[in-house]
Each structure stands twice: as structure tokens, then as C-alpha cells.
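Across the two complexes that follow, subunit A remains constant while its partner is subunit B and subsequently subunit C.
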Partner chain A sequence: MARSSARNAGRLPLALAGATLLAILVVPVAALVLSSSPRDLAAGVQHPLFGPALWLSLRTTIVSLLIVVATGTPLAWWLAATKSRSARFVEILVDLPIVMPPAVVGIALLETFGRAGLFGPFLQYWQLQIPFSTIAVILAQVTVSAPFYVQAAAAAFRRVDPDLLLVARTLGQSATGAFVRVAVPMALPGLIGGAALAWARSLGEFGATLLFAGNLPGTTQTMPLAILLALESDVRAALAISLVLAAAAVLLLLALRVATARQWARGPGAEF
Partner chain B sequence: MFTPPVTALRSAALLAVLGLGCACGAGADDATVVTVFAASSLTEALGELAEEFETANPGTRVRLNFAGSQILRLQLEQGAAADVFASANPDHVAALNAAELVGPAEVFAHNELALIVPVENPAQITAFDQLTRARRLVVAEPNVPAGRYTRELLRRANEQLVPGFGDEVLSRVVSEELNVRLVRAKVELGEADAAIVYMTDAESSGQVLRIDIPPAVNVRADYSVCLVADGRAGEAATRFVEFMLSDTGQAVLLRWGFGVE
Partner chain C sequence: MQDATILWKAEIRVTLGSLEIDVAMQGGRAPVALIGPNGAGKTSILRILAGAHRATTGRFELGGDVLFDRSDEFELPPEARRVGYVPQGYGLFPHLTVLDNVMFGFKSSAPAPRAGSGRQAAAAMLHKLGCVDLAERHPGALSGGEQQRVALARALVAEPRMLLLDEPLAALDAIARRQLRAFVAEHLGTIVQPTLVVTHDVRDVMALNAEVYALDSGQLVQSGPWAELAAQPATEFVREFFDLHGPTDTPQPAS
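Now for the complex of A and B:
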């Protein structure tokens, strides 16, 4: 008894620190929910900024997620399967957008796809204009969100037992067949987790979009940009958009928990 | 958690209170600091004005915060600590004044709009009525004073220049920026074919070509300044506003292309 209370006393400062952080994380979200009445929310949802921004955010984040998954999965597989030094170097390159401030990513994208940028003359020749277009929004989202997916996917592929792939090959599967039929299903929980993180990051993308894609309702004004704009004219709309984004985040987390829990329970990765 | 939630919450609250206590104590300083919130278009002019003020008033420092006037108004409404507010549009000051957050305002300078194009001038625009040649036009968003003046300009162009001209121009807008300096940056970067900014913004940049707008349709922008009601700089803030309105202050503004009375 005495021993356990002594142990508790030792734990108290740690518990305090943890509880403080938890409060910092949770209280603002609670305040956001408490700050607006249902009537405010209804008014916000009807604000002219709300609909186009929601629709644009949904479209662009779905497209960018598809691009990230389609291109990120093979890259992650290669990173997981390759032990060479070049693979470790590529891994660092992939992580760059995570550590770079989004504003830096925005400027970098302008210097790449802008009129005066690296590909500027080429794009001009083909009459392609990337900045200020919905494509620019998607490019910004892909750039900032892909590292989260590739990281998670590579980690998931590393946990796949190479012997199982070997068995699949001896049973007549091609390399691609083994990848699609064995590696991907086994890594699926990790892939889903990474995809969800990437999607959330796309949905919240602000800085790079503002700099690279500009701000035009219906074309480049995604929900985070609309929040800033709405704050200047109608705070209720800003709160409504914020609540929708927060709700989307909570639903995503819950769905992720349910999906991955099921996968772990019945999937081949159950030993973890 | 290891501890019951009530204890944890109480300790979190205690930490929060301690944190606030520290923040208050750190505010004390020897020099009096005048915090000035000012419209983006005033960046250089007020920067120089503040330097001259500091030279003339030893022991007083001026801290400048530039943004779109509508963002500054929002920050003041949310209780941002400032002493002086210089807005590019009287409406934002009037709204703050109605909420008793700022004192009475005084107009200290005026400005007008100008068209700018990149030095390479990809759309080959040489006069205001050729603005419809621009495929990528950038303006300030409607809550930014410059954006509001731009829409007034285009409304006048509809009526007085060519019917539908302003609407046609608006249909070429590819981005609505959050302050006038971001509008100008899009032309400096060469991304926009043309943009509408203040005359002073056009003059203070060496990387754009300026095209004058016909006086018949151009819009006059009045800049007003006021004291923030709960400012802490007290008499120093009043002196700064007086300095802005003085002959010395007005000469600085004139030098940066602003109109003064």
C-alpha cells in the first residue's frame, strides 16, 4: 500500500504534464463546438462561401488522394524492399515536404510550375497554366500529403514477411501478382492509415495553396482559405466551416480505428 | 491517466494561471512602445515615418504591424493589443468606432488606383481600356480596401467607359488576394498579366510597369488614423498620430507618392 502511493507520488508530475497537454489539445476543439448555436451553424452553412468551398475541397482532396495512393504505393514498396543507400537517400527526399513550411512549398511550386518557373517555357508552349487553377490546388495537396502516405506504406510493407512472397512466387505468381495478392492485402491496415493521414493533411492544406493557387471561390478557394475569408465578413460562416472540418477529422479518426481494428483482427497481420 | 481527472484538471488550470502570470510580467520595458496597426500599402511610408518619429522622440519605440485593413480590424475586434490603427478605408475605422474600440478618426493621406503589368508585359497592355486583353488578372478580395475600390472602379468603367467593360474584366480575375501587396507580388513574379493596386504600390516597385487609370473612372482612397481605445502607450500614441499629421509626417507620405491635403 505504502509502496504503491510512493509510486503514485512519483508519477504525479508526469501525469500533470500529460494532462496539461491533453487540455491544450482538447479544450480548443470543445470551445469550437460550444461557440456556435445550431442557428449560427445553419446560417453559416447557407453562407455563399460555404457550398463552393466544401465541394472544391472534396473534389480536390479525393483526386489528390488517388494520385498519392497510385504513385505512392509502388514507391513505398520499392523503399521497403530496397536496402541500398540510394533508397535511404530517396526516403529523406520524400520526407522533405513534411519538414518544410507550407509557405516554402508554395513558393517552390511557383518556381517550378509558374510562368517564370523551371517548367514555365514548356508549359507556356503547350498553353498550360497551372498557377491559379484547380490543378494547382491538387498539386499543392499532393506535395504536402504524399510523404505521410509513403512513410506509413513503407513501414507497413516492411512488416510483410518476405517468405510469404517467396511462397506466392513458387506457387506461380508473378512479381506483380505477389505484390498485389499478398503484399498489399497484408499491408492494408498500414496503407489505410497512411491514406487517411494524407487525406486529412490535404483537407487542411492552406499555406501552399494560398501562395501557389491563389484564392478564387469555386476554383481555388478550399475550405481552409474560405475560413480566413469568412472571418473577415461573417464569423458565423467561419465557425460553420471550421466545425465541418473538425467533424470530418473526428469521423475520419473513428472510421480509421474501426477499419484497422477489423483488419488487424482478421487479417494476416494479426500477430502484431 | 494515473490521477483522477478532477486533480488533473485542477493542475492544468493551475499551470495555465501560472503561465498567464509570467506573460503579464514580461510586458514591462524601459522604452515606451507604440504599436501601430497599418494597411499593407503604408509599409514603406510608415516605416520611414516611424524611424523619424523615434529619432525625434528618444525613449519611444514604434512597432509596426502591416496587413489588409480588414484583417487588422478583425484582430482589433478580437482584442489585439495596439495603440494606433491606420486604415486604407474609412469603413473599417467607422465600424470599430461604432463598437467603441477606437477613438474618432482623422484622414491623413489619400491614394488612387493604378494598373500594373509585368515588365515583359505578356498581354501587351499599354492602356487601361486594353485591360480585357489580360487572361490572368489579379485583384484584392472585396473586404480588402483596395479590392473594394477596384470594384467601384470597374462599376464606374461599366457606366462611363464601355458598357460591360468592368464585368468583362472581372471575369478575367484568377485570384482574389488578401492584401494589396500580395496582389502586386503576383505581377512581380510574372504570374499575372495585370493587376490593380494603389498608385503608391506601383511607384514603390521597380519590377512592374505602371499604367495610369483615366481620372474620370479612378477612385480616391482616403486613409484614416485613430487611437485604439484600450491602447497602453497613452500620450506617446497621441504624439505619433500628431506626427503623422504634422508637416514632417505629411512630407514623408508625399515622398512615397501619397496625396496629402
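Now for the complex of A and C:
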């Protein structure tokens, strides 16, 4: 008894430190939820900024998620299956946007697709204008969110027992068939988790979009950018948009928990 | 030997990490057992025959067909070899039911004339191996012995021309191992395919009445009918392997 209470006393500063961080994380979210009355919320939702931003965010994040999954899954598979140095190097390249400031990503995209950028002459020849378009919004989202998916997918593919893939091959599957029918289903919880993280990152994308796509209502003004504009005109709209984004984040976290729990429920049988 | 006809011949030379494998083996209808200490290269040899790795030089001939011949860069992919492989740990697909596991080979080769009857063939094979009751369950819910039977059913239903089994009984407790050993011996006796079994257990070798290849550090040290190796062991490992008074039935760590 005495020993355990002594240990608890020693833990008190640590507990305080942890509780402080928890407060810093949670109190702002609580403040956000408590800040608006239902009437404010209704007014915010009816604000002309709200609807187009919500619709644009949904459209662009779904398209960018589809692009990330379609291109990121084969890349993740290659990263997981390849032990060479070049694969480790590619892994670093893929992670780059995670550590790069979003504003820098925005400038880099401008230098690639802008009028004076790397592909500028080519795009101008075909009369394609990418910056400050909806395509720019999607490109920015793909760039910043793809690493989260590729990382999670590669980790999930690495956990698939190579013997199972060999068995699938000996049972008549081509390499692609074994990938589709064994590797993907077995890695599915990890793929879903990665896709959820990538979608969340796309939904919240702000900096790169602002620089590369601007803040044009209906075309490039996604929800995070609409918050910026709403703060200047009607705080209630900013709060309503923020609450929708916060609710999406919470739902996503819960969904992730369920997906992980399902993976655990498979239990030891999943890894003979 | 029950039948002197040679059905398969394999020569493999390859370096995997620090292990240099250099073997020449052949077999007929009688099951062939591959024995040797951990890290001798037994599993690697099975995986090369199944098609997971390439040998640096070598050749594998089965039933008159060449499955790989490194001298002219010929290498049949695993799906074209029709070699059944049951890895250590059985390799059942955890996301599929037992029946779907067994039918996996049929779905793969849709144009095959019997694709439509895949379900019946799978059910019949499960019945033959005494696990038809398990059809709708997932592998995670089966005992080790049940998983091994299902893995065997899945490999056999694809009608392989050769069967590769990696320590089929090692992960089982003593009672399940005894039951399944008799069962495997009986079923391998009734199928025509040649079988190559990696094992740590002299009882497996005797139950199968196998030809034995003894391996050490990737090199063959002795081969022949098991009784010959038991009578005149060439190495300390072979002597201990056939020493019936030794601790032969203790579980061995995976190699």
C-alpha cells in the first residue's frame, strides 16, 4: 500500500504534464462545440459560403482519394515487395510531402504547373490552365495526402505472409491474381485505415491549396478556405463549417477504431 | 523402393545470404523426405521447386516436363508448374472460408473444363479428408490438425503433379501429430503424385516409408531408403535423427 502510494506521488508531476497536454488538445474542440447555439448554426449553414464549399470539398476529396488509392496501392505493393536500395530511396521521396510545409508544396506545384513553370509551355500549347482551377485543388490534395496512404498500405502489405502468395501462385494465380485475391483482401484493414487518414488530410488541406488554387468560391474554395473568408464576414458561417469538419474528423476516428478492432478480432488465426 | 521409376529430378545451385545450396535429388512414387538441421536449406529448396526463388544454376524436371532449366534461362512461373505447396503453418487464406480456400485453385483457372464443378470437387475432397463439416468456417477457428487437413485438401484438389510439404506435423501437439501422421501416410499412399516432405521427425519418415535426403549447410550428406540411413548413418545428425531412443517427438523450432 505504502509503496504504491509513494509511487503515485512520484507520478504526480508526470500526470500533471500529461493532463495539461490533454487539456490543450481537448479544450479548443469543446469550446468550438459550445460556441454556437443551434440558431447560430442554422444561420451558418444557410450562409452562401457554406453550401458551395461543402459540395466542392466533397467532390474534390473523393476524386483525390480515388486517385491516391488507384495509384498508391500498386506503389505501396512495390515498396513492400522490393528490398532494393532504390525502393528505400523511393520511400523517402514519397514521405517528403509529410515533412514539407504545405505552403512550400503550393509553391512547388506552381513552379510545376504554373504559366512560368516546368510544364507551363506544354500546358499553354494545349490551352490548359491548371493553377486556380478545381484541378489544382485536387492536385494539391493528392500531393499532401498520398504519403499517408502509401505508408499505411506498404506497412499492411509487409504483414502479408509471402508463403500465402506463393501458395496462391501454385494454385494457378498469376502474380497480379495473387495480389488482387490474397494480398489486397489480407491488407484491407490497413488499406482502409490509410485511405481514411489520406481523406482526412485532403479534407483539411489549406496551405498548398491557397497558394496553388486560390480561394475562388465554387471553383477552388474548399471548406478550410471558406472558413478564412467567412471569418471576415460572418463568424457563424465559419463556426458552422468548422463544426462540420470537426464532426467528419471524429466520425473518421471512430471508423478507424472499428476497422482496427475488426483486424484484432481476426486474432491469432489470421497469422498462423 | 516400391517402384524404381524416376518421376522427378532436381538440381539446384544457389547462394541465399550466407547459405550455399548445392543439391541433386530425384524421386519416384515413394515419398521423399528431406531432413537436416535448422538452417540447412530445406525450406529454401521447396520454395525454389515451387517457384518462389530462382536457382543460379540447375534444372527441375517433373513427369517428362522441364519446369526450370537455368542453362537456357527457362523458368516456368509457379502458376504453370502444377506443383502443390503446403508451407509450414499451412498457408490457409484467413479471409476465406474453408470451402473457398479449397476452391481457390478452381477459380484461378476458370477456362478449365471442370471449373463449373469446382464446388463439388472441393466438397468431395473435403469429405475424403474428413473435414466436410468445416466447409463454412474460417481457418482462424480451426485446430492445427484441421488446418493441416484443409491445406492438404486444397493442394490435392488442384491435381498437382508433385506435392511439397514443409514440416506438415511440426506445429501440432503429440496426439494430433500421431493421428495426422497416420492420416497423411494413408492419403499420400493413395495418390499418385510424388511427394517431397521436409521433416524433423523420424516417425514421419518411417510412417511414409520414405526415401531420405539428408542435408547439412545446403549440401547433401547422405541419401537412400530410410532403413539404410538408420543402419549406417553418415553424420552425427543422421545418427541422432534415427536414434529412436532420443527425444525425437519433441517439437522443433521452425527452420
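Brief remarks on what is shown
Here, the second predicted complex is superposed on the first by the 262 of 272 C-alpha atoms of A that agree within 3 Å, B and C clash if a C-alpha of one lies under 4 Å from a C-alpha of the other, contacts with A are read in each partner's own complex, and residues count from 1 in each chain.
Rule of thumb we're sticking to: a residue touches a chain if its C-beta (ideal position, glycine included) is under 8 Å from a C-beta of that chain, and two chains touch if they have at least 3 such contacts.
Please read these numbers as outputs of a predicted model, since none were measured by experiment.
Within the superposed three-chain model, A:Gly194 lies out of touch with both subunit B and subunit C [touch as defined at top]. Within the superposed three-chain model, A:Gln129 lies in touch with subunit B and out of touch with subunit C [touch as defined at top]. Judged by the touch definition given at the top, the superposed model places A:Met186 against subunit C, while subunit B stays out of reach.
The touching residues of subunit C, counted against subunit A in their complex, run 47, 50-52, 77-79, 81, 83-95, 104-105, 107-109, 138-142, 147, 154-155, 158, 160, 171.
Partner subunit A is touched in their complex by these residues of subunit B: 1-3, 8-9, 11-12, 15-16, 68, 70-71, 74, 122, 135-136, 138, 141, 143, 173-178, 186, 189-191. The part of subunit A that touches subunit C in the complex is made up of residues 161-164, 166-175, 177, 181-182, 185-186, 188, 266-272. Those residues of subunit A that touch subunit B in the shared complex are 8, 11-12, 14-16, 18-20, 22-23, 110, 114-116, 129, 131-133, 210, 213-217, 219-220, 228-229, 231-233.
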